[in-house]
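So, here's a batch of structures to check.
Each of the two complexes below includes chain A, the first together with chain B, the second together with chain C.
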Partner chain A sequence: MSQKYDAIIVGGGHNGLVCAAYLAKAGRKVLVLEKRHVLGGAACSEEVYPGFTFSVCSYVVSLLRPQIIRDLKLAQFGLHVLPLESTFSPYPDGRSLMRSADPAATRREIAAFSPRDADVYPLFGKAMGQLARFAKPIIDERAPDPSSYRPRELMQLLKMGKQFRDLGDDLGLLQYKLTTMSAVDFLAEWFETDELIAPMSCSGIIGTMLGVKSPGTAYVLLHHYMGEIDGASRSWGFARGGTGAISMAIARSAEHFGAEIRTNAGVSQIKVKGGEAKGVVLEDGSEIDARIVISGAEPRLTFLGLVGESELPNDFVTQLKRYKLRGSSGKVNLALDRFPDFKSRPGIGMHVRGDISIAPNTDYLERAYDDAKYGDFSKKPFMNIVFPSVLDPDMAPDGKHVMSIFVQYAPYHLKEGPSHWPEKREAFGDAVIDTLAEYCPTLKDSILHRQVLTPWDLEQEFGLTEGNIFHGELSLEQLLFQRPASGWAQYKTPIRKLWLCGSGAHPGGGVMGAPGQLAAREILMGGAC
Partner chain B sequence: MGTALVIGGGPNGLAAAITLASRGHSVTVVEAREAVGCRADLLGDTRTVQPWAVESMGLDVEWESSPPWLRVGPDGVQPDDEAAEGVAAWRTEVARFATVVRSLSAAPPPNIQSDASLSALMGPAFAMLKLGRSAGLELARVGPLCAEDWLDEWGIARDVQAGLIAPALIGTWMGPRSPTSALAVLFHHALSGDSIQGGMAALLAALVKRAKGAGVTVRTSARVCRIAVSDGRATGVVLDDDSAIHADIVLSTVGPKRTLLRLVAPRDLPMGGEQTVRTVRTRGIVAVWKARVSEPAFGGSRCAVIGADTVVLERSFDDAKHRRAPQRPTLLVHQEAGRLLVHVYGAAHDLDGGWTDAAKVALQKTLETVLAEHMDVATITDAELWTPADLESEYDLEGGHLFHGEFALDQFLSFRPHPSLSGYTTGIQGLLLGGAGMHPAGGFTLCQGILAARQA
Partner chain C sequence: MQTTPFYPRTSALCTSFAWKEWAGYAAVCHYTPHSEAEVFAVRSTAGLLDVSPLFKYDVRGPDAGAFLARIWTRDISTIGVGRVVYSAMCDEQGWLLDDGTIARLGPDHYRCTSSEPWFSWFLKHSRGFDVEITETTDEICGLALQGPRSRAILKGITEFDMDRMRFFRVRKTLVGGVPAWVQRTGYTGDLGYEIFCENEHALALYDAIMAAGEPHGLVPMGLDALDVARIEAGFVLQGVDYITAKDCLIDGLKSTPDDAGLGWTVDLEREPFIGSAAIRAERERGPAWDLVGLEIDWEALDELYNAAGIPPHLAPEACRLSVPVYDAQGQQVGQATSTTWSPTCKRYLALAQVRRPHHRIGTELRIEHTPLFERQTLPATVVEKPFFDPPRKRETPGAAKPQTPAPEVQS
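Entry: the complex of A and B
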């Protein structure tokens, strides 16, 4: 009989680590098992090329909850978030647009395209700020279950209803539109300039297999404004040392509170007996028991891969099978000999100290989506770029740079089948570099090393089923009380003593830490361990 | 009771007139074209007409079971689609929601403005409860889906899907892979039932007969150019020959945008009203083609979808989305007594370069190419084509949209066309809206004119 733990957490991604830290802080004996040699899951940093550190997958701190930073004392454990100072959009014709925290400068930039839009921009920001205040509790609390008559659920629903009512007719309608409309339609009610709408709209499609003109994509626009009201904690930013530094800070905090963390310890099975989780079996065949098991892995992998269909109710299996993953993005990481100037705005200025969007117009973005819709990677993709080495010089040797390029669309489901990705990997990388070279003519000559990650690689290497970076599409019917399955959206599962704490649970993906924190809260509240 | 004036002599205009007359108003209908009918000329199908609407007016029509939509694929007419895997089970699922969807169509949508009484919200809440908890949750899950994903779940093959999805898309600006298109498909099929014997022509004749019987005056070739408003109250209309007609009530069926942006002076709109109406989306994606055939086409099917599968359907939408000339439009054919009425899905209202004569000729050629694969085009005579631009200029359809406004989550039920207008009233006293742009959306229901007239 192996040693008994209160809780075993499957997967040492940032959510698993957050959950572990909270449980350990509450005095529970916790073991985290990570398959890879580094912690963080998709939030990891690695020296892929000598001297150059890459945030291999996830590359920005997106809405990391301020209370997590405080509760787990992450600053004390080495977390230092550098703000992303601007959003820069170059256009193929040599023009460009930079939006930054400086309202006057942003106004001048937008006015060069449309004085009217420059007037509207701050008004839009104000309205979105108000909505963000309404929506914020949604990501900071577990999802209510509308099908339940329990007092706790009814109270939470009533509270949400009242908050919605308090928004008033105009903002209430705006909130509804934001939830249902496409990002482009929503923005087009405010702005007239396509060059502005395009880069703004693409935050709505990141990680999804949808286009900027697909209904339901407007909602994610709000996340940017939620970050603003988190205020000084700067929840949108870049972690010094790369995204892995966040995971490392959380891991150190968890260990400080007494959690035990093992790497190179892949779980091959979650042991279930009589509908109750008993422990796990590792890839090396050894078994570890615990009072409860918590999975940070994606739900379909957790249940159909690690638990097994025969242990599960039919209805739940049906829901899991239709749970949409269909990853749509890839990542290209470059080690550069020198900084590749943008044709439209050379030099290392403020414009490259934030994120850079290759999204010249909405038709371009839709064409990129069309390629993916029919099973091909985008010939001219949407890209979101960060230069970590500009923000944190330690990421690369002196004078040299790392460039992180998030690329969409790279559909997991190629028309030839996903297993054909390895033979298309370099062609995909070439499409990315060729497109970028139109904006940065010297780029090709500066590349020392190129790492291309396709959705197939994300699945094989990081356990992201179908390469979905959010553990499941963030589409309307897979959010809130339906994430990952109707009736099972509160971290509990049909298997007693088995819980979920990853991005496949409410409120979903991104480096927020919210699912891990909320899962820990539910587990502790119910006295499950 | 006073005088009422109805703008638009289409089916909804006539229905509104009949309803107003039955409530004691003295009613005049003004129609810009030479004959009444209007949108009825452009719609071939009566299966979504709601029986309650027909009964409430006491129309003299007979019902018959609707002809099935047959799909014409690369291998010709497919008569067995209904028997294909999953279809019967999926139809049972649709029927589960049909009662609620149909009862929603029989009343104004719930008022969700903050001045609404709680009791107004109880109706739909009660309907949901009646539907049952699991069905309510399922509706919330299905609504946001892509139509293709939803039908995939039922194991329906993608070629069969095309025939089920296409008829629901002509009132939207969506393809089968657009989220929320499942809701459009659900509503369309839930609203579908028996058809009227003799089709649209018989329905129109019955409406005209009933209107005459009720003493309604119908003026054709009379175009309204302005709605007169004084002190926040509609007082009548001015025709384009400068003659004025006074009325205590003006009920417009030409669409919210047409009415409030083109017929009402901006100064007469309530604060913010203009901006509100401008945001209503009316992007047409359908051209209409009519012709005679000397012998029955497509095996004599009365309703046929010409399209291979959902990929072709989605590509048709892509053409419209990118404002390209349709390359491979999906066609929805209605055939009756030697006449074809075809909805060409995938024709952008805002085609790049505009709908020039050359663009129109090109579309005509494309159509013939598609049709030639499935019928003898030599049997076609008297072909006529209306591009979305023609539909806008000749039929006053804003954006060339056949339903005065897209079906979308934010433009249906209490949101159609906008929460402040969804009660058929406009903020201008005595001015009502009652066309296809109002609730209920999802097909040609004949409900809007009646529901609006009841607000008078």
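Entry: the complex of A and C
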């Protein structure tokens, strides 16, 4: 029987769109179905308040794979990523620290706290850079299956083993520590300044329900050193037009290659017959068939929500239920009448052209986690702030600004239960603004509009189950051949002709596009469509 | 070295102390320790560059158009008042001397810009023409305001509707209260303007533009960022991508307009001009060279560096060293003259002079690359240029309105 579509992709997030573009480029007839009115999933830009464009959820881009940018000609389709020039950490006592791509300036800044740490900082960067080179092939390849004796799997494992051996003893040990230690303990082996360790350790906890002193949080520090070209010493960027501009560039590319994309087309069910995916049922009741179905949605939502438990093997269901989502963060987006000066460093300088960390010391961060452990949002949360309008004035009317505030911890599992989030939403927003006002005294008076997104909102509006921004925690036991479930980490699923291509698949979340690309590669290689 | 009239402002902003010589003037390479922010600004907000060192000649008189048509490869006599054209200039043998812009400021008044001094050349060839030639290099200063926000910046401080100014037009107006010539031209391949004024107004002009640019993310921009932008735009640079014939000791170093990719500026269907007979003869023989865009294969570069055990590393600025280019058989067929990583296009790009027929789009060549002091080659493909050509460069939001006659330009 001839099908109109070779593949239907559930969800027009950036990974679904990447997968669609690669399949279309290979000549397949592809249909992307997005529930919302805008594309991008959590990587979207919206004019929430007139004249102000918010990167509603995901707000910075890291590790968007360079080969995807090249293959899909994303620059030609409008992608323009601006570098985040610095990482700025203000402290409540009026001091501050800015680290930038200028090594001499960074050295001076750190030396004000510790001359010793100032010297160690570039050495740390060098060691991490070398480890990052070991990690890079891992995110550019599908995860090998360690339980298989197939030549392809063995070859890949052998290659990884060789790369690990090539690191040498010192770096090998460092790699071992990195994968086992907590972010704070790992950093404390290098640095003595708590004011430096605290903001650096935060990258280890983003999106996880762990604290900076929880074991296994160190390895995410590597992300910061995996920047490629353009990224002399940092890999974070901001897309002109907001994060949605990345999704739009991918969508334009996918359409250029012939993919069909529909918005306001939510999928309510993935049709399965005899253990095989046949197509989808839309929320309006209409049905569309295809040779294969690929889900960019989060795995638990895909299987338990769209497929149904009865179609699945029991141990797979058990694994899915154990799969750690437990979102831990929220987002506050502000439309501002004027720029809110930082008490410790007023003005619009390089320090606000990057990301800003509210992480004054490690105890502060651990206390923020303490609140969350027992089901409450942090009274004084960790925050990561970006001013998109400083980098791209098109994001706000002339002279006005948008402020993007990532907030952790906001645990999905409130002690009262997650459904109580709506009644706590504004109190959560107030805690964020009150904390920030200690650093930016004029902030409160400059707010024109406030958008507060709790993990509950992220789940309801964006399909991020339990509000997890990465479609599943990026903890080590949920990575590589374990993502999303052991035995099912190569984009295939227990349902024949149903594939995964989202952040719940290897190598995981963040706007990198790798799951979408690798899924497309596996699908094409196996001749699945 | 001389300083330009903007020096009091540019020197205060130039915290990197990175200056270089440009036509006898001190010019900023990059204002902060890295040029990267300036490269990104010109593609996302705007950059302000001091272009005062450009050589400038005012040509006046009833024969000015006819005279300039004789000097330049394009037919300057046909351009209307308020228009600007880009053109090449050759010697009698058809060898390229320079390229530049010619703006018609009034019925009998033109202004040329060039990279080299041509006063005596102009004088020599003005015999028989009723023209008066004045060098204004040291009397008139200029700023290039380039980038997607440049129009919005000028809107607030210019007395007429910038939305209506079209690509390659010039107009005398007040900018921040200063009498100035605003022309929609530039060397970045983006939306942009070049603004010229008398030296005495320099600082008032600079301050007005910087103040207006503040909410738009305007940054001062140096020559290093310009170099990356102009390669992305596919623009050749005299002295780098070709050498003015007046400085060449041997013909082998000279280029014709066709050799340098400037053949499109040559209009042979008109009164003879300097070099036209030689160019016509060359075209009958078939030109030997062309200037093309090359894209260097990134995967191969990545492998080359991986094999050496280091991450891929490219200089953060454009490279102006000539690098040999080979055909598939290893025979040298030309040289890349300007090479840069393009942060905008995310491609590793070069402008190269190659022997025909290696100039055809899609031709697979190899280019020398030197990681870790060892000479290697990488695959490079001849691709279309400009590499970066955003629609905003040409778009005129107010153009749909009924056109009024070209305004009289007072000079």
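The rule is short, and it goes like this: the second predicted complex is superposed on the first by the 518 of 529 C-alpha atoms of A that agree within 3 Å, B and C clash if a C-alpha of one lies under 4 Å from a C-alpha of the other, contacts with A are read in each partner's own complex, and residues count from 1 in each chain.
Criterion: contacts are C-beta pairs under 8 Å (C-beta built on N, C-alpha and C of every residue); 3 or more make two chains touch, one makes a residue touch a chain.
None of these values were measured; they are calculated from a predicted model.
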Side-by-side fit of chain B and chain C on chain A, or clash: fit
Vertex chain A angle, Cα centres of chain C and chain B, expressed to the nearest 10 degrees: 130
Touching partner for A:S214 - first (chain B), second (chain C), both, neither: first
Partner chain in contact with A:Y176 - chain B first, chain C second, else both or neither: first
Touched partner set for A:D398, first chain B, second chain C, both or neither: second
Which of chain B and chain C A:D363 touches, first, second, both or neither: first
Partner chain(s) touched by A:L476 [first = chain B, second = chain C, both, neither]: first
First, second, both or neither for A:E461, with chain B first and chain C second: neither
Partner chain in contact with A:P66 - chain B first, chain C second, else both or neither: second
Gap in Å between nearest CA atoms once chain C and chain B share a frame through chain A: 19
Chain B/chain C common contact set on chain A: none
Touching residues on chain A, where the partner in the complex is chain B: 146-147, 165, 168-169, 172-173, 176-177, 180-181, 185, 189, 210, 213-216, 322, 324, 363, 366-367, 370, 373-374, 475-477, 482, 486
Chain B residues within the chain A interface of the complex: 113-114, 133-134, 136-137, 140-145, 149, 153, 174, 177-180, 279, 281, 311, 314, 318, 321-322, 408-410, 415, 418-420
Complex contacts: residues of chain A adjacent to chain C: 66-67, 69-70, 74-76, 80, 82-83, 85, 101-102, 104-105, 129, 133, 228-230, 232, 240, 353, 390-393, 398-399
Sites on chain C touched by chain A in the complex: 32-34, 36-37, 40, 43-45, 149, 152, 215-217, 298-299, 311-312, 314, 316, 341, 343-347
